[in-house]
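Think of it as A, B, C and D in the order they're written, each chain with its own count starting at 1.
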């Protein structure tokens, strides 16, 4: 009975993937693309947050981190996000064998490739973040934290869709997607917390590292479910694999933390070395004063 | 065995609806009425929040957004809420075939139409919001945020009742009600957050858009379970339908966000165009000063 | 098979109660006692919060709400709590047929009346609140919000114990205890929030009303599981009963809210009428000034 | 069928433990070591928090609690944490019969001792707290609350790993580990709250007492699953044992609270008695002034 069910499920999943990808390879790319996107955006957010924080600490925003530069960067980020979202939405619809904007297949009397429409919806909400970016910098009356709200919004929607994405699949398939939902949900919560508690650099770095984790976990899912070297997929009903992927998830996170830490060290060193050339004497004085004040606050 | 259970369930649900509605159409109206209510109240909250925010930003509350006007609007909202709640409570009790305030049917030895009593209870708690509105504006010693507390209260009670509303129904029926519970719970959490963090316009707009989503989702439930054109209901045990309703829910939310955004643009334009006629020179100066201050804060 | 299981369960529960109470009546009292305790403490907390708030608003603490009086009331509350906890702990141990401090029955090779020990543990943690009360008023170095922390602590422990209290019972029995856990957990969360956000009268009143709800729900459980008039217990496997108890829970809450509201009106009237005799002219002036300031803040 | 499954499980668990420990005793030590670690660190955190708080209250940090001393203590804590984490990681890998850094056993075609790797990962994240300690005191530009963030991070990772640690074990085994996950999760939440709300001594003491609870619960798990006196393990499928362990958990917590309270009394007495010798007259005056101010704030 259970074996029958299992066999049926495998047939189902083959049928499902059969629509979209003629080769197994295709599905790996389907996970690698969002993975790369989140890795890039995570690195960018991380660098931006550190840059802002270091510039503010050094009180030397005149040279490197001028306001105008940051404004232009923000609007550029918005345009990039909108562009990526539009590309993703178009790609999901018009790839060979895609839904071509057809939601219901009246001939066969069934829904037409709903998984593609799921991805389409997620891209749309990420596009809204870009729209919020652009609107906030065009109209002065809009509050700036709208961006954070739309970000947490997009992440919550993504988590919601992924949570309902894996009805009737195999145990390991569900497990890796559950971990994905976990990390997306946590990122969304951190983004919402940033919306309430502003200008906390550690929260921003935490969000960046969770975004990096999400990106690398997309790659991991691709490797587990559709090995790109053509080898057979992992055993999807083995408990040992779940045990391994649990710690694998933690290691991904550890690597993300280390990358953020090294990025911090690199950016700080870069800003300081550039500033040293300009005005080496004053900064030393400023720093010692700040250190005093801080340690007083801490006590 | 499973088929028997399923058949029994369908009989149950027919029996349950048989009490109240002689026609299938009736149940659609039963979902359309609260849906319309939440759509209207969502639009009103959204407009009120934007109006308050824009008036405050322009620092020109003298003409449009005078305090007395807002006071009168608030008390009007309270009276309307109480009126709607009383109508709803009376309607649930005294529609033809309703419970007529009889809770227990001693003849048949069973509870009398508990679903009607469920709705009755929810209406009562929404009426309490109206009472809080009225009391806050009569007695000055009451804190104003009592309204937000009663609002989150009513929403939590509604979520709690809906959560226990669907014992022993079909999969899809349960799923659409679970999504309803999700959106009500989120709205309640946002309202509670507003109670703690006051005067945050984005939280108010988020609540408005979630209220709009709740309203339109009531309509969607009506269309799924009781199609008003007389066509047969959707297949309640098909996984594909769940997959579709997942993204459908996201699209409803996207539409709600777009409506709130367009409302914001419209109200802002209205206020500004009216003010421009009055005093066009001063505002330009004020705006540029504000913009400066804000961008400083953001950095 | 299921019927056998059910029959076994009923035997178990009879056996369980057989230890402690020779009559069914006893168990009703076992629920009525904590119910009365929570009703009394809820009413007292509610009155205290309102009194403090009204006195502060009137800025006339000299006469009615002098600091010394409140200090003495707090320490009295602490002593009462310790006394009640000690009585409860002793009662659970030394009632006829109780465990008499014996945890493990070596003769029968099994645990000795663990449900009694459960109640014992809960009373102990409520006693700790009283200890915190007393310590805070003896030693000035202790922060006052320790009381709120110990309160939320005791409530979380109570929720945890009740959550693990009903292994292997009937559906309706589990359901009413789940609702109890829900209300205790919410009260604990509100108390913890009070610990973080101090001096918010509405949070205090919300906690009071939830405490009243808890008290009256204890009575409801007693009436459902052990009807005091000797009639047979409710049908524990009927879905309709769950549907009814859902709204019944909401009605209990509505009554608790109404009681708190009427208490507020009564205490405010009492304080005002007493003050009016003393200094009728000044208050009117003060009030109108305050009202002005408040409405400015709200806008 | 169920008995077969049970027998299989017991064989599995024997096999699992068979890898690592030739004697049953070994596994008790495996729980006692982290237990001792958490007991020591809990006591240390508790003492440090109280010392800081009392010194600040007395405004006499010159003598006992000089800043330099606290700085040196913090860096010492960091080095100790890193040392303990490295020892733990090395121990997990290179004990006789350990994995010796081999993750996958190609001969047998299966993962190599994943439970050991789980523990390895947890130690690594606790090592990161130590690294954060050291970095924060070397580089002045890093915010001090990074330590709290890394602490909550390590605890969340620990909770996550333990949550996925017990697939396919016995009921009681799962239950005691679930309670462990509960206490770790709560400690992580409190640490995250400390990251947001700084310098709240009660939150720090709450975290300390939860850490003590975690330590003593590790010992309890060791006693339940691998009794060190060689007696047979507890009956893992008995509901009564779950009922007992529920209250046992509460008693552990009560003991932890009492230890923290006694520690508070002892440290306060120590600081005061030392100060009294130095400057007995001034403190009395200061204290009474403070008391006045506080009671005003409370009202």
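Methods note: a contact is a pair of C-beta atoms (placed from the backbone, for glycine too) under 8 Å apart; a residue touches a chain by one contact, two chains touch by 3 or more.
In this text, all values refer to a predicted model and were calculated from it rather than measured experimentally.
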In degrees and to the nearest 5, what turn takes the CA positions of chain A onto those of chain D? 90
Over half shared or under half: which fits the residue numbers at the contact of copies chain A and chain B, same or different? different
Chain centre separation (chain A, chain B; CA means) in Å: 32
I'd like to verify one number: the distance from the centre of chain B to the centre of chain D, where each centre is the average of its C-alpha atoms, in whole angstrom. 45
Residues within chain A bordering two or more other chains: none
Pairs of chains in contact here are A-B, A-D, B-C, C-D
Spell out the residues on chain B that touch chain A in their complex, using ranges where they run on. 54, 57, 193, 197, 201-202, 206, 239-244, 246-247, 249-251, 253-254, 257, 268, 287, 290-291, 294-295, 298-299
Counting only contacts in the complex, chain B reaches chain C at residues 52, 56, 61, 67, 70-71, 110-111, 114-115, 117-118, 121, 124-125, 128, 140-141, 143-146, 149, 153, 157, 160-161, 164, 167-168, 195-196
